[in-house]
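Please go over the structures that come below.
The same chain A turns up in both complexes below, where it pairs with chain B and then with chain C.
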Partner chain A sequence: MTTAALTHTPAEQALIEALQGATGWRAQLREATREQGLPTKRNELWKWSDLRRAANDVSAAGELVVDGLDAAFLRPDDGARLNLTLTAKPGASAADAEVTVPAGHAVTLVEHYRAEAGALGNWHLKITLETGARLDRVCIAADAPDGVFVSSAEIVLAPGAVLNQRTLDFGAKLSRIETHITHPGEGADVDLGGVYLLDAKHHADTTTVVHHTGPGGQTRQLVKGAAASHGHGVFQGKFIVDRAAQQTDARMTHRALMLDDRAEIDAKPELEIYADDVQCAHGNALGAIDETALFYMRQRGLPAPKARALLIESFLAEPLDGIADESLRETLKGELRNRLEALS
Partner chain B sequence: MAAVKETIEDVKKLEADKYKYGFTTDVEQEFSPKGLDEETVRYISAKKGEPAWMTEWRLKALERFFQMKEPDWAKVKYPPIDFQDIYYYAEPKSGAKYDSIDDVPEEILADFEKLGIPLKEQEVLLGVKGSENRVAVDAVFDSVSVVTTFKAELAKAGVIFCSISEALRDHPELVRKYLGSVVPASDNYFATLNTAVFSDGSFVYVPPGVRCPMELSTYFRMNAEGTGQFERTLIIADKGAYVSYLEGCTAPMRDENQLHAAVVELVALDDAEIKYSTVQNWWPGDENGKGGVYNFVTKRGDCRGKNSKISWTQVETGSAITWKYPSCVLKGENSRGEFYSIAVTNGHQQADTGTKMIHLGKGSTSRIISKGISAGRSDQTYRGLVSIHAKAEGARNFTQCDSLLIGDQCGAHTVPYIECKTPKAVLEHEATTTRLSEDQLFYARQRGLDEEAATALLVNGFVREVLQELPMEFAVEAQNLLKVSLEGSVG
Partner chain C sequence: MMLKIENLHCKVETADGEEKPILKGLSLEVPAGEVHAIMGPNGSGKSTLSYVLTGREGYDVTGGAIAFGGEDIGEMEPEERAAKGLYLSFQYPVEIPGVPTITFLKEALNAQRKARGETEVSAPEFMKLIREKAKQLGVSMDMLKRAVNVGFSGGEKKRMEILQALVLEPKFLILDETDSGLDIDALKTVSDGVNALRAPDRGMLVITHYQRLLDHITPDRVHVMANGRIVKSGGPELARELEAEGYDKYLGEAA
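Here is the complex of A and B:
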């Protein structure tokens, strides 16, 4: 397709400028931005998350501060726990890193995303799991109320590798956590969980693509969300099952609560299947809080806001139960509880 | 037992040849100049003796079409279409519409008879079947409607059933009021093309409180070489009216790809109900994927009134490429939209089909049941949108789309879009993809069925929820079609 010369928005110019002389993924981002601009809702993959529009207050190059990372290429030791904090300062910025989990090692990776007002932060991770490796990845976007933060990861598993990923997103002006996974089957196992809780015009987008390339792979995905007062939740999940990926067992579920009549939730759970001997299913359900349960709890003496918060918490916390590390699990559940209390 | 015997014979006929509709009929025909420009549009409009506002509307659409870009989001692949290499209009030379069945050229009557579509009313009446099984038929041959049966009897009930060109002549006020009100001229690429060059199609108006006394049906036949078919159907059910409408399509076997870009508009006012059933069996191309019809169709129903209901049922087995999303715009309070679909792809067929349910009215409900069966080297995508707007309190949707893969060279894809802007709605979506169960196949074979019969039996079980929604006559045809379409896909 040939397009006429694109007029770049200030945010696009700023991002291109910020990435002058960059290499690798950041160079790709620069060229993509130069050629196509920032994605808009006309782009099928960004249909419900208009990045160009969200970044309308960005006009200068900024900085994405990465804390907790010693090198751009990492090969962590067995049992290591990496705590990263990514802070997007006002303006357009991007950073990336590569992590390889060596064969047979188990590693925990925690990423905190923060964006200040007027920031457009782009973070990219390339992760390789060698044979039999295990990665527990937790991404938390809890501190970016007025900024724009896009996290994307490309994760490649070797046979026998295990990936357990959990995301917790309280939204931003636009927050997107995008994960692309190459799943070789053959004993490899992928377990994805996600939670979003949104209010006050916050936007959270959970996008995942799991590509099954070899036989006998397993993937489970459970994403739950809730949105109130102009909160906008987006879930896009896609399973691709190649012809060679026979006996794949892949299940995707997205469930969400609409907390009031100003919220919006959009979902696209997609299956693309080329192998015949597979079990693939996806489910998607949207609805409101169960009024009978609420009534029951109030009748037992709980005040309405408390009852509501409890119901939402029990609904949302389910994906977090899958976090292996107990202290991490409790921390995330605590954050969710605090947020719910602030909401009600 | 007559019915059983008939069924057996039907099946035999089908087995004789995989695509029994592949013949061509020699009729002297008159064509529009080849290619797409203002002149073609004026030619078609003049041929139909249309009022000036229609010609204007068409020309505007043409202008818009030239500015539009062909959509590329569907999961189908085909070489670029040369819109200048198509005849946009073909009619039998002896004139378009015949006043009486006796004037219709023998060749055309024979063609429809071969297709099993009886056009002579007395024959239908003599057809033994009970009177409630009578079906009024509008027969469309390439670009023109050749005959409409049972018009007089329908008129007694106040039902208008005629070709759209006749409607433009006899009921211009109705056509002007509703045409393009559901699918606007610039709706999408192929609908805009259709608006510019549409030739014929059916028009139905059922007055308030009338339950249409018989099933209405249109039979579309593409015959001429190098032509496209661009029909336009408009059905209006006024307050409290009910109509059931069937549509069937076939085309000869040809090496070339023929374009079919139709638009169907349905309008249901207060308490009205429209049931629209399609059995689509355009020529799918040969086993190497050569030839076949490009079926790029826009179908949309508008539930304008409260408690109105529109139900789409489709059995899609033909066409090389299908691009079709029958939709319901649920504006009326407590309106209801339904979509039941069976799509079968085999050989090199590609289908990207599904539905859209747009909930605008309070308490509107919708149900989507889609069953996709892929075999051979085919690719099939279910693409559906359920959108609940902020004012659609109490809206409900249930979606189930199941895919069945037969063989390991085919693909089945599911792309559901769900948009929700109110907490007072409930949306549920389920989808599964599996293959035929070995156990079930073994069981059926062990009971003495051969592999193909066993497969057909299981496939029929897989799609039964949709088959139940088809009018009786169609259900039998659909079952046979499924059997034929899947022939050679096992073993």
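Here is the complex of A and C:
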């Protein structure tokens, strides 16, 4: 890697400056930015989400305000519910935290991502699930229309642990929710659900990597999205199954609706399998609204926008059904409904 | 005149981009309180007529006029026509995954009422209404909780179409081959439902191939359609004649 020739963009300079003296993950981010700059579409993992370009209006250090967290290292009690709000103020910023769910405990973690116009916010969580622990994680990017927000998490499960993650992304100038999971098998279970709904000019990127390292692991993933004119949805899903991870049962599905010819949806589902006795599958389908159904509904008297909203809602809502907490589930479905009614 | 169709021409665009004329000068009048039947061979344009009347996209009127209650509706959106009281029982009812029938019907009823400037029906009122109508048609509440038409048999779908009509109480019904896919019992139930809707201020157009539906729903007039036109009209006896003799003689005339 040649580093000498790299000229930093104002956003890169601002991020490096914002992270002066930082340690841990934030120091790694600073050094990666110093050496390689912000990722661009030339970077395979970012080929549809050009972060350097999206951050072109960022030129100063900003602040990522973290609400709802009393310490950078957390070991929540059994039954705890953590409600975090991450607000990226204008400028470049980053924050991170570590959460360990103790053996046998069940914890709910809700993260709201917000980014103001001209913000580049980077949020990172390192999550450890001890033996038999359960984490219900819900990430909502609903309030970042003109900003850039990148959430990344590194989640390591112990045997018998359960991860149920749901994301709801209404997009941003660029929004990315990236999750890296180490799955040991041995009774551990991973269920990933994601929904994105993108109005004009909004971009949402759902990127996940599930690395199966031990035998008998179960993984389910269902991501559904819809993009209107000039909305851009990205799904990158990867399952890695090590040689030691025999009898892994892993299924990935991405389905999306193009609400307009000028919508863009890019998907890359990948399986990388080194074990021979596994059940792994992925499916990916892009479609359009069913015009026949739309006519049927309008014939019954539903105005076109309402009919369209109902059809899209019924298509998108499925991954949200997997949210364990009923009131949380209904809140997110309600948000989805409101967005659909406002969709242009 | 409740429904007046005058010299209607319609074309559709085929999958390969060609324009294809389907209706070629169709005229028809249905007064309030009457039930008219349209019979005709496959491909004569019966379903096309039902779509043009209800405003389906892609079915372009290229000539003639459609008046409903004296008003030209040719340019109206499907939902506007629905709110005016036009109802189509589809030849092939459409599945809508994820939308429970009961939710769908309540939304539809209230959307229509709102469009007409009427007050919306409350949830308890609606439940009372739908229970009563479902009972009338032998439809279980369990079925109503399922997604619209998803996993229903052909006969169940047709039953649901009539149930929806009973709930929405349209002024004018177009029944497109509502009898197909029904066994004898279901045919009886569905016909009873349709007959219950007969009223002095309501009109109906019943599209069918077969006499058997018309044994239950006696039409005031029968029209023979061939090649995009009405080629003969008569009383109920015309249906029996068609059943016995077939359409051959009309096909010659229409060509």
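In this text, the second predicted complex is superposed on the first by the 339 of 344 C-alpha atoms of A that agree within 3 Å, B and C clash if a C-alpha of one lies under 4 Å from a C-alpha of the other, contacts with A are read in each partner's own complex, and residues count from 1 in each chain.
Assume a contact is a pair of C-beta atoms (placed from the backbone, for glycine too) under 8 Å apart; a residue touches a chain by one contact, two chains touch by 3 or more.
Note that the coordinates shown come from a computational prediction; the quantities given were computed from them, not determined experimentally.
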| item | value |
| --- | --- |
| Contacts of A:269 with chain B and chain C, given as first, second, both or neither | first |
| Chain B versus chain C as contact partner of A:328, first or second or both or neither | neither |
| Touching partner for A:44 - first (chain B), second (chain C), both, neither | first |
| Winner by number of chain A residues touched, once chain B and chain C are compared | B |
| Partner chain in contact with A:281 - chain B first, chain C second, else both or neither | first |
| Touching partner for A:261 - first (chain B), second (chain C), both, neither | first |
| Which superposed partner A:306 touches (first chain B, second chain C, both, neither) | second |
| Which superposed partner A:292 touches (first chain B, second chain C, both, neither) | second |
| First (chain B), second (chain C), both or neither touched by A:82 | neither |
| Common interface residues of chain A - those touching chain B in one complex and chain C in the other | none |
| Chain A-touching residues of chain B, taken from the complex the two chains share | 73, 390, 393, 403, 405-435 |
| Contact footprint of chain C on chain A as seen in their complex | 290-293, 295-304, 306-307, 310-311, 313-315, 317-318 |
| List of chain A residues in touch with chain B within their complex | 44, 48, 243, 246, 257-289 |
| Contact set on chain C toward chain A in their complex | 54, 56-57, 77-79, 82-83, 87-88, 90, 93-99, 104-105, 107-109, 111-112, 115, 147, 164, 168 |
